[in-house]
Amino acid sequence: MISHPVIWAFRTSVGCWRHRSVLKAALQATEISGWRCFSSTIRVGVAGMEEILARVVAPLPTYETRDKSPPPPESNSVEFMHFYKSLSKEDKLDFLTKLSQDFGVEHKSVSELAGKLLDNQLRDLSTILQVEDRLRYSLTPRYKQLLGHISRVENGVKFLVDLRADVLEILSSKASDSPHMRDLSGTLKSLLSEWFSVGLLRLERITWQSPCEVLQKISQYEAVHPIRNWTDLKRRVGPYRRCYAFTHAAMPGEPLVVLHVALTEDISDNIQGIVREFATLDSEEDVNKVNAAVFYSISSTQAGLQGVELGNYLIKRVVRELQSEFPHMTQFSSLSPIPGFSSWLQGLLSQCRKEGRSADLLSGHEWKEVEQATDSSPGTAAVDALRKLIGTSEWMHSERLCRVLEPALMRLCAWYLYGEKRRGYALNPVANFHLQNGATMWRLNWLGDSSPRGVANSCGIMVNYRYFLKDTSKNGALYLQSKAITASEQVLGLVSQFQKNSKL
Amino acid sequence: MISHPVIWAFRTSVGCWRHRSVLKAALQATEISGWRCFSSTIRVGVAGMEEILARVVAPLPTYETRDKSPPPPESNSVEFMHFYKSLSKEDKLDFLTKLSQDFGVEHKSVSELAGKLLDNQLRDLSTILQVEDRLRYSLTPRYKQLLGHISRVENGVKFLVDLRADVLEILSSKASDSPHMRDLSGTLKSLLSEWFSVGLLRLERITWQSPCEVLQKISQYEAVHPIRNWTDLKRRVGPYRRCYAFTHAAMPGEPLVVLHVALTEDISDNIQGIVREFATLDSEEDVNKVNAAVFYSISSTQAGLQGVELGNYLIKRVVRELQSEFPHMTQFSSLSPIPGFSSWLQGLLSQCRKEGRSADLLSGHEWKEVEQATDSSPGTAAVDALRKLIGTSEWMHSERLCRVLEPALMRLCAWYLYGEKRRGYALNPVANFHLQNGATMWRLNWLGDSSPRGVANSCGIMVNYRYFLKDTSKNGALYLQSKAITASEQVLGLVSQFQKNSKL
Amino acid sequence: MISHPVIWAFRTSVGCWRHRSVLKAALQATEISGWRCFSSTIRVGVAGMEEILARVVAPLPTYETRDKSPPPPESNSVEFMHFYKSLSKEDKLDFLTKLSQDFGVEHKSVSELAGKLLDNQLRDLSTILQVEDRLRYSLTPRYKQLLGHISRVENGVKFLVDLRADVLEILSSKASDSPHMRDLSGTLKSLLSEWFSVGLLRLERITWQSPCEVLQKISQYEAVHPIRNWTDLKRRVGPYRRCYAFTHAAMPGEPLVVLHVALTEDISDNIQGIVREFATLDSEEDVNKVNAAVFYSISSTQAGLQGVELGNYLIKRVVRELQSEFPHMTQFSSLSPIPGFSSWLQGLLSQCRKEGRSADLLSGHEWKEVEQATDSSPGTAAVDALRKLIGTSEWMHSERLCRVLEPALMRLCAWYLYGEKRRGYALNPVANFHLQNGATMWRLNWLGDSSPRGVANSCGIMVNYRYFLKDTSKNGALYLQSKAITASEQVLGLVSQFQKNSKL
Amino acid sequence: MISHPVIWAFRTSVGCWRHRSVLKAALQATEISGWRCFSSTIRVGVAGMEEILARVVAPLPTYETRDKSPPPPESNSVEFMHFYKSLSKEDKLDFLTKLSQDFGVEHKSVSELAGKLLDNQLRDLSTILQVEDRLRYSLTPRYKQLLGHISRVENGVKFLVDLRADVLEILSSKASDSPHMRDLSGTLKSLLSEWFSVGLLRLERITWQSPCEVLQKISQYEAVHPIRNWTDLKRRVGPYRRCYAFTHAAMPGEPLVVLHVALTEDISDNIQGIVREFATLDSEEDVNKVNAAVFYSISSTQAGLQGVELGNYLIKRVVRELQSEFPHMTQFSSLSPIPGFSSWLQGLLSQCRKEGRSADLLSGHEWKEVEQATDSSPGTAAVDALRKLIGTSEWMHSERLCRVLEPALMRLCAWYLYGEKRRGYALNPVANFHLQNGATMWRLNWLGDSSPRGVANSCGIMVNYRYFLKDTSKNGALYLQSKAITASEQVLGLVSQFQKNSKL
């Protein structure tokens, strides 16, 4: 249910695809050259870069005159933006490397002040505070001022968001691994965090009366359950549906993070019931049939805002909004995809085959059924048959196989979500997102997404992360601090079945 | 023409009055208790303060977990806001003192990291950068996080703006002079600077169709040439007038800085022609009569945004706006008051009387005229007579005295504006503001403001600071860096007359 | 509670004043010369009028070519409007007389077709229908087309509204009594009725965020309980208050009829509690304290829309609006003034004095009390004393007189409202308005309006006309068709006391 | 360039198709059952119809009480609307027949008053006027009041527009030909004409920022040059394009008539250059390249507004709008299709073949070329060959045939547009529309529309009707009154070639 580039946009193949589509959209909107897309531009000489950087990135004023430095002419910022946009991908890398290395923090001043501070231990508090303030100031990278000036120019904030997307891609693609580049990313992130602070965001409900420009973007950005046509789009903003987005004054007409909600009688266990339900188009909402809000898609649209928390805040704002519209509503839950489950499973099968531990995955009885259904001999052959079944989604077309595989896939999936970790946190990015928000891993839904994509990615299983409002604060803190996952009995039961079977 | 609280709001009596009116307005809007105004509230025990601070101001997470700390529940911020607003003036002082002292930077961590950095001199750049980043993080005051959380709550940004206004008044009234309080002010300023960055501001043209809420505020905030009634207000947003304001998404309906412009045939030399001109109310603008834009009033409305540059950017945005509406327009100028001139003059007269240097101020011939007109004997008596004339504005009613005093007052005034300095910059705050913006001290206007207030404050003299667009960048930098004032021949001529006469 | 110009704007002195203020407002907005106000304009020759009328009022096309007549150039309409606006009051009278007489229906065609129709009695239905249609067409006044063309020009609709106001004033002031002028008024009314049909009106809630232009008009148009200043105005659109208006696409920014509502715990019996209640300004509404909606002022703003029903529809729309905002609300009532009661009473006293029937008005005991309190002898002197008391409102300052007069004034007032008629309908215009709408004459309130104006107009008495929603349809029809007034027991009791006393 | 249902929607096949698509759109929006589409509804008994009509269509009040009749409860109108919408097509016909026959004008009253009027000839003018007014009133059909009440109910105006569309289709399909039905249509038209008077319409520019709801309708309604997808739609509201619509307060979100304009350097002679020009999507408009405004599509969307002039006013308003945006623009022209030319030509060929007058159409030389190209023998066979060529659009693929046929088709087409008449006016509905507006038949464009549809309908020829602003008033009147067509030399030259050849 999430395509949160914050976390996984650059790792999985879906993420990659997604990122490109986002970039492409950004391109159409602002004509900023993307990373891999255009490299036909003539390469700029190093001398040109140095010249322009020396000219537009002014030295940091002294501490004393820091409030007396006049802003540079706006043309400075505009020149920088135009120059950068005209660069090829390779030149951008060179340019950003130069910028981050040669126009960062002046280490000499820093260490001088550090020395002073140590001396100052003996003296009065007032002096200590003053030296600390000077030290803090000296830790400002020289380029930070320029970034601030750019933010004031028309489309400047969008430029910086896209600049950070470039920096992030450089870092994640290992094109550069310099600590200076990481510093540049950090400086950009801290600036963007202030500018995109939640108090400055506007919640907008998207309806069929919203500007076409915005709806077209909503349509483009929806990667989780792609929107096929006008009718499909109209339904996603029509009766029994809500679509909300955060927008920002400095990037008008640009939804930053989008949340799709279905208003249902019970918490949905199937996505097709939401995105293919044709009857709803013209009907009027019957408030008595609205008991639950199901978040069935959330998409961040700006790769450059990775690490700037928006999705969490959006869900919370939307919950408040819905509570004021439907005071009696008490059930809030996601209906989420499980990207990566199938490939994790394939990896596991492959490993078990190698290690001959296939009994860890399926019970003897289950293997027997697989063998019969696939007409394969026990052992390696059966594992291969199973891998093929999952790789091709063929099992879906056999009622028998469905019946056989259901318990096995459900407990494997429960383990994947609950037990597989990365640095102690849930490996699955969607799970990690909702658990951070304080949701409970509530219910796995067999055949929750029977679309080819759903079957290919997660054997058709979907999961509800449920938001029990009075517990989210506590759950979120628990997860973030102790890495403990709150889960329902269904999920814990499946996990324990898995553990029993695999003797883990 | 300016009531820029940034600089003088707390010093002159006009400033004081103004500040109170602004506070009062703020009070009406947000019900936040002001500083001096309300102290009837029951004092809160120190223990209560400590308890609440300990609870809501969370410790800074470790550097490693800084991105993993969940936001505290919103109720935390709301509680802090309510508690603070309920405090009496005295309690606020205690509370802020406690907050700034006990919940600021942890000096021990800072000095440890400073020590590490000095050690690290020997090691690789990557480590240095990492330690610098940790050092930077350790210089974050503990309360900074809380301020960030408050900004996300409804009306939170406005609360912080008003909080800073309180801190500034504590500092300027010498109620406290602790370096921690200054640190708190600095932290608030840096946060507000990011949130009120120009890229996030919206330029709004205020017209008679604007919401009444906004127009009422425009009316209240206009301290320079007070608005008397609806008709007066309607005229200031009517034909041949423009009224622009910056607003901010987080403070809807609240103009932050307001600029009034008159569209004229020539640069105005008289304010009554602008604010009393009744004929314009229903007429339609004739574009051929619009050659000049005269900025006749600029007001910052938020005391808490002192030091966050808005006025300068507003003037520049408005110039662009006007150029696009009137492509042929080439003259841009302020018509500004000269607050403080009369009291400076009284001080000078008093001093000269004591030192017997009256000849420095008026020529022998001029003194003679004064003596005759006031029927006083030469020397001390004449000086006293002149002081009384100026103190009572009586000279205005005598045509003869007007004629006599004009050259003297004009050259004294030119000196006051051009020659009197504070830390090297123009003493007069309005002059300082426009000179920083890159304007030229262009023309002194005799009888520019014949209102009782104008005569009392500046002997009726007004001044135009003219914006020659191609020079403002250069002029502004020159003034800020070399403290050099760009002035016209008229002004320089008057200054040199003053110098010749007073042998300075 | 009503200043419904529809009915009484031109008869009472308040009406006159009101009309002028409305006209003045219209003048400011559209610069149309009012009736009595400006007559300095030079008189236009009769020849000029005839020339322009002949030119711009095109002949009616033949029946056959009626859909083939091209619209005249817009300049035609504009010329007519400018010409008319430039005329003096006297010239307008001449001009409208000429227009209505010489450019009306062509009687010859009408009577020819009437003849044909009588012939046609013998022939088939199809022919009859055709002749009827021709007859209908021939009854179109020639000027009607021009009026239609004018409505399409900018500000044309407003011009026609004001034109009809002029025609109405001519008729009501007996400046003309020609049947042609009445025809012109009727034609205008029928056109305006279509254009101002309720389906084309927009309900707007007026708040402090509404455009200043609109709020200023709301303030000007409120004649019932005049608005004194910004604070007063702000309160009337603030918490526990609602202000609604109908507007029309062709007259943007112009409220046509305005309804002020107070949201209260019980149906109010006193207007000062509504318009002087200072506590409400900043408080938030507590939905549990809102049980009743009290319509305390309704004003039609366009004299030219007399006879075009708007107020009735506005009340009904507002009731629906309030029901959807406060589903539990069940009490809807006006709190209305009783204009004309005092002067009716003075007339009655005068007549009784002449006819020596003073016992019809007050009982013996009551007269005795009046004599004692005023120190007057019985009979004529006591009547005179009472007349003086009422004329000067002095009785209000004596507690004793208040006590003495209350029962007498209450039963007289009940009779005035319930028993005094004009063509069978209630004489009092406000009563007539609410009774037509289907309201019940519900409660007379002693000291309901203690303002000088309230005491002078209606001895301080006010009345509630209550809207019992399920009965209004029935009541309205009953009143309009059988002239029967629905009243509460309190009112009927007072009426019967009056009848008993006066032997009516 | 026009699909003006006003005139031809029900005659040509394109019109039929168009009408249905419009109806379908209306259906989606308002759920009103269309004519042919749904007839599955159970038929309602005649008794039911009579009962409901008798109940909701109140008798006309007497002349005396006409202003005293209270409006019926709104539920009356709502019931009527629901009942009507629930009827099958056949039942609607019955119902409307009943309504128009039994609830129309009361002929007895009319003829009585007609008699009175003839008597009255002898008496005074005042009485005549009064009787005329009564007569006028008596000519009101009883159902007219109900229609007025319906217009006040939510969606009532739209209901009446669609009701009239039904009535028109009944009349045009000859399902009924009763004079009463025509009266009902006329009554509806006159009411709608008042409500949709131009002064009540709002001009809206449609852009990519307009609500999606509106843009989707624009897309659906565009029948002339169908819109294929989002990109296509975006381009039609993007740079170098303008899209305007009239909307009405009573039908929000519903464009009534839509005009598409291309901003070009010269008056376009080819439609593909406008609707397929991909380069323009993201470019910025260069004002220097905008010399001409080409109206390339105008569509009326509401069949029920036939005869209510909107298109003409829209073109004129748009011209004013464009002139204020581009003061230097002087060329205004349509680029219009010529629907019906091909089928007219086929008819002509067929007739000439029968009458052996083929020489009237093509010259001997031209026939020879046709014979050679089609390998057919002279005479009948050649005519047949030509008919086949035109019927199949095959000639377009042969360069030779194109060259051969160009002069013939051009002069035939010129004649079709200029010489073929219906009741004296141009037979071609698009020509008739623009000529009524005062445009000049300016230029025929060979290969103006090379799309399959363009070739099939009009042999690929398009025509410009040019608007010379200072002449349109005069031209329009001339055409409407004397049926004279203003045409350019090119057109007149072609016409005269045709005449010479065909000896007409």
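Should a chain be cited, it is by its letter among A, B, C and D, assigned in written order, with residues numbered from 1 in that chain.
In the analysis below, contacts are C-beta pairs under 8 Å (C-beta built on N, C-alpha and C of every residue); 3 or more make two chains touch, one makes a residue touch a chain.
What you are looking at is a predicted structure, and each value in this text was computed from that prediction instead of being measured.
Visitor: Spelling it out: a chain qualifies if it touches chain A and also touches chain D; which chains qualify?
Guide: none
Visitor: In terms of residue numbering, is the interface formed by chain A and chain B classified as same (over half shared) or different (under half shared)?
Guide: Mostly the same residues.
Visitor: Between C-D and B-C, which chain pair shares more contacting C-beta pairs?
Guide: More C-beta contacts join the chains of C-D.
Visitor: Would you mind pulling out the distance in Å between where the CA atoms of chain B average out and where those of chain D do?
Guide: It comes to 63 Å between the two C-alpha centres.
Visitor: In angstrom, rounded to a whole number, how far apart do the mean CA points of chain C and chain D lie?
Guide: Computed value for the inter-centroid distance: 43 Å.
Visitor: Report the inter-centroid distance (CA atoms only) between chain B and chain C in whole Å.
Guide: Taking the mean C-alpha position of each chain, the two centres sit 52 Å apart.
Visitor: In their complex, what parts of chain D are in touch with chain C?
Guide: Checking each residue of chain D against chain C gives 65, 67-71, 73, 105, 107, 110-111, 114-115, 117-118, 121, 125-126, 128-130, 132-133, 135-136, 139, 148, 151-153, 156-157, 179-180, 182-183, 186, 191, 194-195, 197-200, 202, 248-250, 307, 309, 312-313, 436, 438, 473, 476-477, 480-481.
Visitor: Can you list the residues on chain B that touch chain C in the complex?
Guide: Touching chain C: residues 28, 31, 208-213, 215-216, 230, 233-234, 253, 282 of chain B.
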